[in-house]
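As written, the chain order gives the labels A, B, C and D, with residue 1 at the start of each chain.
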């Protein structure tokens, strides 16, 4: 069951999807029982940006048919805060679990991303970096990851700033995700991960005389995750795995070992669990055990 | 971690249900803590193919391995839970979050509850009455929309009641009763849970009088353990996650109670 | 409740989604009772191509969480067969229902589309034409509709060949659907409709020693529809309606009046019902009545 | 159109369930016709958030406004229907499709059924026995995987039975029995419903002997009334929709029975 991924030796192929598991909070909530059945073979941080972000105003969640629309807005302490306060704690928690740390970063320009990678470079606690070029719930303006040419240029420009494995997390909100994956590979990515959430929205139920009906989510639009997107994820992961020769991290609606098996069978090397962890914090572990048997 | 519990009771109480789960292995909850609950079978496939995620419920009572919850059917998740039969199974994660800090010896506790928000006050009163040095008996003020909901008051002892329609007790708001109580004893400490407008009125009332208030907030939640960052409420020090920084929060940390931070109205 | 759309006066704003209702088959199956409670204010044909198409080999259906993945492959009698055999029957059935006919066509080049439009031009039974530039379940190669520049050029080129209202049915499998809608408008479209299905796939459950696990669908990939895509549809329809000034036909996971109301409230003029008609042939009618009250 | 019907019976019959719906207003079905069924409540939310679409079931029996269906629990849809309690409601659309053309006077009907595929043969036998000029009694040959499934045979009269494991009747395939019958009377007409391999063997056997065979096919369906084009099977004249061009189809129209065109195995 153990698997090697970009030079990392992992106990099994199941990790968390970025932004869907706060290890420090989970440790507070569950303590020893979390470590007794640690769910992931590697841990991916939430997206870290150069500057601190408060995130979007509430409401941030909308439950959709067999899924969830979120408009969290990437709240984080910012690069400095992350390195100073979170990284040491994460590293300590993960050492116990023998799970390497993958830090997920996002920047709105190559220069910004280069800064983020450079900062990560100096920290041994960080085993790999995941570059989020696909965040649908920030004010629009095309995602960097939505256009292959733009994506390849950015990856090529930032690549030299990191000697660590670089995973490019693609956006699913694009015409041809396989071309985007190929562009990331050409730019120098060591792996790609997908799918991120599908751009989605919801309306408040009540109709206000003055304003009519406003968007339910404080961030107006959000991203759809969970079982609802599983068949879309499988198609995108299959298309990407056929196209690139670097390893692929597949995710999207994975709830059980069978769903993980599907992604592995179409070519994924690792599988990430997101929304299902909200229903069961130990979902990752149960899935890994299920794959085992 | 998540436990599979058996339903040993689910009785109607006016407009509410009291759901009882056998939880022999579960840790004893602090008053104000909550659990994420989901039916093991048929969770999903309701209105709009929901529910999908578990739902948060305050522990209303706990003794010898039995956990009691007070539920109001306001949508697909609570609807399914209210329909649970004895013997069916429920996924439960908890107890979660930060509960109520108890009053210091001699300090008088005023419990202010609105609607199904009375749930955490039940276990709080249980604890205060059990507490040896609780020389000063807690005051209990409860507000309800109507008579059917006012039935919930039977879960607490010596409650003063207000109903919007005057069908039961004082006609008007529970905060009318609170104003009177605070007038009599500004040295009290207030524990409140209920709809956002009630919590905001309570916060404002206590703020002007300099009375400490501990508010049990609510918010739409996906996970309940800090993973999703979906349950935040604005505070003086930015957004806080109700599930791990709360649900109980000191009123002075809030500029005002967010419209989405209360119990179902 | 009556609404005018591109010069057509409709009894209510609910129509069918192309390819999800075969009026001739429904008439055979239900006869009088269909006409007694006719579900749609206008009827959209399935996609018609120049040449006849057999469609994809079975299996063609995969039930997904709160949705359906289909790989039908646009079977149709071809332009000639449609005009000769189906159109007269459709026209007669629709006359009784006082519902105008919208013919949906698809071509792989501007020339082909022009031919289709020209042929429709001569037939009075056809009140409007819907141009499908968004069919995900034909062998890939970017959809015409996925790239704004390409789309605008095609629409501009074919526009002169039709004096009938021209509705461009956009593809949701693109980075920026609003720009595609604006391109269609600039090219001369009288309206746009969306969303079509999201590219998706499924695997057969059994693992074959020789072949491993193959795609479940005969067409390999398919398109996801139904409640699972509703929140994505709402986001795309809202984005498009904000951008263009031509009317918008919104669809995607509509099951009840509330879902239709959501689409109308974000700017749609008409709402189309697809997958829900499979569960209830009269869904369109119930939705229209629900909007009424 | 779609009718909301009440469950008046749902009894176990070996490995199967016999579901009975009160359908006073429903038109009388022809043998071989089917209905699209879905539970009104809790349709969805099962394994993988399914079922979402209704499911197709042959009418197994019909008298004075009562429709009987024979169900095998093979997945989330049939699982839910097999769990229906008396008094629950079901959405039903039908009867749909083309049923069996009856034998001409004097012609002997041989009914060949496999597993849950025996359902349409039950109502066909009912009709043939009711039919005045059915001078020649139909021959009934049924094949099952095991004893529990063989219980289904009790729904028909005078059936010869084969089981894979020999637990009941002939050890082997129902087509072994068919070969014998056809040898005795090549002038018969065959009516068959069951798993694809059984239907294909039947087709081939009848083809070489020039015996007409009417096969009740199955296929994954979304709508049941010709709307989705999802249920097609390949025939000599291209793809046909099982739901409106079938489910019963003359064997000679098929080159072979598609692997997906049979009943659950």
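What we mean here is this: contacts are C-beta pairs under 8 Å (C-beta built on N, C-alpha and C of every residue); 3 or more make two chains touch, one makes a residue touch a chain.
Only a predicted model underlies this, so the values are computations on that prediction, with no experimental measurement involved.
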| item | value |
| --- | --- |
| Pair sharing more residue contacts (C-beta pairs) when B-C is set against C-D | C-D |
| Longest centre-to-centre distance from chain B, chain (CA-based) | D |
| Distance from the mean Cα position of chain D to that of chain B, given in whole angstrom | 55 |
| CA centroid of chain A to CA centroid of chain C, Å | 33 |
| Between chain C and chain B, distance of the C-alpha-averaged centres to the nearest whole Å | 48 |
| Inter-centroid spacing, chain D versus chain C (mean Cα positions, whole Å) | 34 |
| Where chain B touches two or more other chains, by residue | 44, 48-49, 52 |
| Contacts with two or more other chains, residues of chain A listed in rising order | 64-67, 226-227 |
| Topology of the chain contact graph, where touching chains are joined (line, ring, star, complete, other) | complete |
| List of chain A residues in touch with chain D within their complex | 66, 227, 255 |
| Chain C residues touching chain A - in the complex, by the definition given at the top | 62, 64-67, 69, 142-143, 146-147, 171, 173-176, 198-203, 207, 212-213, 221, 224, 226-232, 234-236, 238, 253, 262, 265-266 |
| Chain D-facing residues of chain C, complex | 19-22, 24-26, 28-30, 33-34, 37, 46, 54-55, 57-61, 63-68, 70, 72, 75, 226-227, 275, 277-282 |
| Contact set on chain D toward chain A in their complex | 48-49 |
| Residue numbers on chain D that touch chain C, as the complex places them | 1-2, 38, 44, 48-54, 91, 93, 96, 219-223, 225-234, 238-239, 241, 244, 258, 260 |
